[in-house]
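I have placed the structure first, in the form of structure tokens, so that the comments after it can refer back to it.
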Amino acid sequence: MNVMSFVYGFLVLLGVFVFQTTLTGLNRKVTARLQKRYGARWYQQFLDIFKALRKDSTSHGWVFDFGVIMALGGIMATVIFIPVAGFEAFPGLDNIFVISYLLAVGMLGMAMSAAGSGNPWASIGVARALTNMLAYDVPLMIVIFTLIFAFDSSSLSEIAALQQGMGILGWNAFRMPLGGIVAVIALLGMLGKKPFDSFIAPTEIASGPMVEYGGKHLGFMFILHEFMTFIEVSIILSLFFGGGATIWEYMLKYAVLYTFMNIISGVMPRFKIDQAVKYFYRVPLAMAIVQGLVVIFTGLGVTLWF
Amino acid sequence: MNEVKLFLGPQHPGMHGNYSVHMYVDGDIIKKARPTPGFLHRGFEKLMERRYWMGNLALIPRICVPEPDTNEMVYAMGVEALANIEIPEKAHWIRMLVLEMARVAIHLMSLGSIGGPTGLYTATYWAIAQRDLLLDLFEELCGARIYHMYIVPGGVRKDLPEGFTDKVLAMMDELDEKIPEYEDLILKHPVIHARTKDNILLPAEVVWELGVTGIGMRSAVGKEYDLRKVKPYAYYDKVDFEVPTATYSDALTRLNLKVRELYQSMRIIRQVIDKMPSKGAVNVPVSTGSALRWTVPAGMVYSAVESSRGEYGYFIVSDGKEMPYRIAVRGASYPQGLLGIEKYLKGHRIDDASLWMDSMGVCTPEIDR
Amino acid sequence: MNSMNNTINEIKAALKPLKMETPAFRQIAVVVKPDTVHNALSYLKQKGFTQLSIVTCVDWIKESEFELVYILFSWTEGIHIQLRARIDRDKPVMVTATDIFPGAQYYEREVHEFFGVEFTGNEDAAKPLFLEIWDDLPPLRKDFDPQAYSDSKFPMRERGNEFVSEIGGHDDE
Amino acid sequence: MVLDEKDNRNVWEKIGDYFSANSIWMKWYCTGCGAIELPPTMTSRYDMERLGMGPMATPRQADVLLITGYLSTKTLRRVIYSYEQMNSPRFIVAFGSCTINGGIYYDSYATIGRLDKYLPVDLYIAGCMPRPEVVMNGFNELIKMIKKGQAKGWKHYQENYEWYKKNQLDSLGEVIIKDEFHE
Amino acid sequence: MNLTIILAVTVVLAVVSFFITRLNKKAGGFLTVIASLFAFVGLFLLKGSIGGEFSIFYFSFKITMVGWYFALIMVLAYSMTSFFNPFWMDKMMYPGSYNFMYLLSMAGTIGMFFAKDFITLFIFWETVVWSSTFIIQLGKSRKASYVYYVVSAIGSMATLFAIMMAYSVSGTFVISEAFAGLSGGAAIAVFFTFILSGLAKIGIFPFHVWLPAAHGNAPHTFSPVLSGGLVKMGAFIAFLSVTAFPAYEIFSGMFKVMGTPFPIYFLMALGAISIIVGTLMAIKQEDAKKLLAYSSVANGGYILIGILMLDQVGFAGGMMHLVNHAVASAAAFLAIAAVAYRTGTTKMSEMGGMIHRMPVTYIVYLVAIISMAGIPPMGGFVSKWLIFQGLADKGMLFLAAAAFFGSIGSFMYVFRPLSAVFLGQTFTRDLKKKEVGFFMMLPMLILTALSILAGVFPNTILRVITEIQASVGISPVTLAENTIVTVNGYLDAFRVFIVFGFGFTIAFVIFIVRRKSKKVELMDTYTSAEFIHTRELLHYSSKFYAPFERLYDKAPDTMKLYKKIAVKIGELGNLTESLFYGHKPEKTVFWVMITGIFVVIIGGVV
């Protein structure tokens, strides 16, 4: 740990922000095409974020501000830990449990700040968001657990590296197909894409946790959302789609995976929150457990199929 | 137990129009709901007493924003009944054409707006753009997209433009292609099923208690209770159409009926174009008096037509002068929009509050007037 | 039109109306005394006029009377009925119809708000519905002048103290 | 008036105004019948998102308040409350002739006459009701105004707060909030 | 320092405080603070004399590393909580006996952990059970103490039975030797009966019912002790059952699940069930203390699983979770007690927005729940991380699934009081309330600091655990300078903390650079543009997770099941009673005779 690590960390943050925000902008265009229209400019997402940061804001007390800072801080720390194509600012700390629990710092900060606004819609939104998390995380964690068991490692970069060099069939998504499907479904839930977006449903709870944010707080939320998206997609990408040997491969795969998520969510209405829980605890959970048992007892998938 | 007071509207994405429902919520169940109308109250009934019979033509479409033609038809029918005049045959056909086109437009819009409460925005984008193409036809017909002021007492304002019917038929052909697409996207979507099936029930007793009409009534009662059938106006007795019904009314059934009515409306439009005489007058002068200041014989009459949400009625009182003495408006969604919310929104979840408004077809401007 | 005639005759026999007419196609107007309105409504409901379309009121200021209008509809026969009754304008009181037609509740509230008619038995009727902080006569009465009210409450802005930008315009003051 | 006022913004404000102009979030509030033309403007036919505009759920998030037509007094109370919750810079675009002089409802007891007596309107879009093309044009106009720093309604509102408050109080009466404020 | 002195002083001070409280309530309360702090310091200094053995009267003691570790945790909870005692004396019905029992039970726990033989252990154990039973009934409900006592008694009796059975084989009560020579079915019977009291104490399903009843209804000042301290006595029993009773060796010939002998796996499964049950029940509680009680059930599951694994990583996790949970849970209960001190209630729906009145208490609670939910950079994260690594290493899929469920579910339930009690709208009634005084704040702040330290420098605690691991003969967890190394990965908690601080700093800088935001009142919030006046109506607190709760509200409730059984037993008793003490006993006698004769005849024929 030296000064360079922090400089690298900062550069990673900057790069991730530019990359993910551009991608979000492009995906707004993709969604627009799905809806038979032109859609926003590709750099619209940047404009939105900077505009929000530019505006005046309202604060509902110190926890409202503190939560936002804590959320963004926690998420940015998590981003620094994410290995991108083998590069890590702080080598060796890309433990999957560390990442997924550091992610929770951000969530908690956001939840705290939202509930601190004193708005009931926000509290309902937070309650839904936490429930949603319980829904998608259990199947996903079981699959990740299986991976850790299979490869004796809980490091993202190591698991990603293990899948490379064997072509497409070396990816865990193909070695453990059930687990791969679960991961993709869970990714939809993690990203808060439809049909699992009931916690920000504007027509039900007026955008939920975001209700009271304006100005720089809202800008923070947008930046946070970009970072969070990056973390979530990256986790799945590294664990199931082999990460990337080079940065370009990584970005390309990332873009494809993220766009795919967006296209699915473009033609989906949203589940009610209890329906989402029921859904996750029916099909994906069963699939995850079956996959886990197969890997633990037969070892199929640890080695290549062919 | 600590109840929370939540407001659905007036400024809430889940509320179409400007209306408010005060909900007392325990957990996520609505324990008490109070409708709060009046945000769109403009005092129409008072204003109409202060305008000439002709001048009111400008006011009446604005009572119900999404469906103005129904208002024009009701007003025209009422005045004609008071003045006791018969209008030319072709005017009847044109009126039916316009009314059914309007019905197609509003059904498309409400089919698309199911995307709001359920989050299927793609449906909204598609359906409303499709409706917009239909509005272009209206624009060609009368020069306005929304407020047409086309159906006037004594007939319609002027004859159809050249080649209009062909364009309408072409549009119907296009819709024939497009609506199955929307059905695939909306009605067959498993998540939409999860949201709407067995949800937001409307039993027949409630229909009779509240006085709900339209799709809500027919989906629960299972009879063809449609004013176009029960008490035909214009030439609805001369065309062949079915009124789709059901006996179990949940949100999905009502959505289904909407689409089936859409097909029936298109069927009527084709028949109307087929049967419409190509020549003939389209209007007659209403009554004596100068061109703009007619007088209408004294009397009281109630006229009603079937709008997309049910019985739409005007009670018109004339004292023989140049202005109406009193006009009372029965908005089609009045029963479900006020008493329905108060009595039957409770017990639902807040997730469904917006869907409730949408599925019951609550149109706020016609309640507020 | 046979069923129509039958209905007319039956109603005539049962309600003994003051006046009866058919103002339009398949529509019957029945004028009764105010104290028989309640009975008439329950009679008509069991006759098949199960739907209350609207309850409204007409202000006959010259006669100093309010005329309450109940519009009923029978889905089986397709007939509209106007049931009308005149009450005193200075002390307008009417028995509520909510026990027969629950749907009448909000119509009565509306009539109370716009005309000041009181409905005994409908407690909610006195609450404001469409109007908020209303401080004048009930607005649909004929002696209420909306123009004057509007002029006094919402005067047009005097030119001069402008705090607004108008696009494409230029300021000559 | 504003048009020939000197442009005394510094560089940062100019950059900020550039962002503000190109990303305008409107508040999801259908105050009147003009709102019926907003869905077409938003959806695939006219696609408002091209301009960087989109609907937002709550006043805190939004930049522009669209007054889509006539305002009844009951609505205006809410609109004012809601406007004051918005964060500056905030803009008001008023639709239709009703907001200019009361329009067709000039003699109604329930609707107000001229809107800019109560709230600072940045831009009027005339018509009854304005067509989507006109609305889009109006938004383009608004974008130009913001870029040039001419949409200063919110500043006027701050500077002349008493004047606006007095007008609001005269016409709307005092809003005393009690538990069941009008149910 | 000598253990004899510590025990003697505590017991004497217990008696003294009883009489002093009669004279001056506050003074009696302060005496408990002094006594428990004395015990804490004394115990801390005791580390030097580890390995010593001695006896007082008939009790024989041995100062072991693990006993020291447990006793320190326990007395930490006691001493921190005792700071609250002086302020609650006025609200107690019998303050004298409360203070007496408080110190007596503390003395009991100390003695228990250092016991050399089972008789000593059992006597001190019973001292704790009895004294705490009497304290619990000083709280809200008498019934709670019945439940507590019945469950404890079942456990105690079973354990006594197990000890006697073991004695009959080995002929000694000394802990390290008593179980030698057991095998086969007897071993299983002894194992299960012995650990029963541990299970009961730690609140493992199906004995978890006493925790919410007792924690929820005990005096606010005793709940932290119950949850932070007394529950850990069960962990001690569990520890004994895998070390003193070498379960892995004795059962090594048995059917194995994922490399673990079946009886142990069965207990672990019970631990997993408690995690799930505890989580689900905690989510739907309306009372903050009951919620925390159920969270103790869930965390007890983690501890049990960890300790029973008895390996390099998982065991260390379990042992460390003891400290982390004790600290966090005590802090959380103290925070709730502080709120209750000001508002007089622990019902979550009856308060809100306390953050604006009690910010320090809020921070304390926040840190506590972050630790409890296992989020970095607090202590709970490290211990949960170790347990996960241990499970992943062994491939225990179902246990891991339960652990994940509990871990994510804990976000839900810990957030609940945070949102309902501290955030949201302040109730009109509470607008004038103040923060608690410094003396009450002090223990909360100390516990908070401990939580953070445990998360940033976990190795301080883990070093002690490595010694324990060495003492029971398993390979200790590998520790580098700041790093914990396991088979599957390694964790540098300090670096995680630093990077977190880095991210936080960047965010803070961006926030500060931007224009200062306008402070508005809490009621000036988005209400769909409608007006609202009542604060209470704008606070969403009750049935927080209603849609989720509805998914399992039909599930059977263990407590109800027990109640039903109790009713049935009562009915049976009534039946018997009515038979023999009814109006016509001779009839009963007649029928009994007939039946008897019938049975004899049948028996003869067969």
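By letter and in written order, the chains are A, B, C, D and E; residue numbering begins at 1 in each of them.
Please note the rule applied: a contact is a pair of C-beta atoms (placed from the backbone, for glycine too) under 8 Å apart; a residue touches a chain by one contact, two chains touch by 3 or more.
In this text, all values refer to a predicted model and were calculated from it rather than measured experimentally.
The most central chain, judged by the distance from its Cα centroid to the centroid of all protein Cα atoms shown, is A. Of all chains, E has its CA centroid at the greatest distance from the CA centroid of subunit C. Look at where the CA atoms of subunit C average out and do the same for subunit E: the two points lie 69 Å apart.
With each centre defined as the average position of its C-alpha atoms, the distance from subunit A to subunit C rounds to 58 Å. One simple way to say how far apart two chains are is to compare their mean CA positions; for subunit A and subunit B this gives 44 Å.
Distance between subunit A and subunit E, defined via averaged C-alpha coordinates, is recorded as 35 Å. Shown for subunit C are the residues in touch with two or more other chains, namely 130-132, 139, 144, 146-147.
For subunit B, residues touching at least two other chains, in rising order: 4, 6, 10-13, 22, 28, 36, 38, 41, 43, 46-47, 50, 125-126, 129, 349, 351. Multi-chain contact residues, meaning those touching two or more other chains, occur in subunit D at positions 28-29, 43-44, 57-60, 74, 77-78, 82, 85, 87, 107-111, 175, 182-183. Applying the touch definition to every pair of chains gives A-B, A-D, A-E, B-C, B-D, B-E, C-D, D-E.
On the subunit B side of its complex with subunit E, the touching residues are 1-12, 15, 20, 22, 24, 26-29, 36, 349, 351.
Subunit B makes touch with subunit D in their complex at residues 10-13, 16-18, 22, 34, 36, 38-43, 46-47, 50, 58-59, 62, 65-66, 109, 124-126, 128-129, 131-133, 135, 145-147, 365.
Touching subunit D in their complex are the following residues of subunit E: 518, 524, 526, 529-534, 537. Only residues 23-27, 29, 50-54, 56-59, 69, 71, 73, 75, 78-80, 82, 84, 101-103, 105-107, 114, 129-132, 139-140, 144, 146-147 of subunit C touch subunit B when the two sit together in their complex. On subunit E, the positions that touch subunit B within their shared complex are 349-350, 527-530, 532, 534, 536-544, 546-547, 549.
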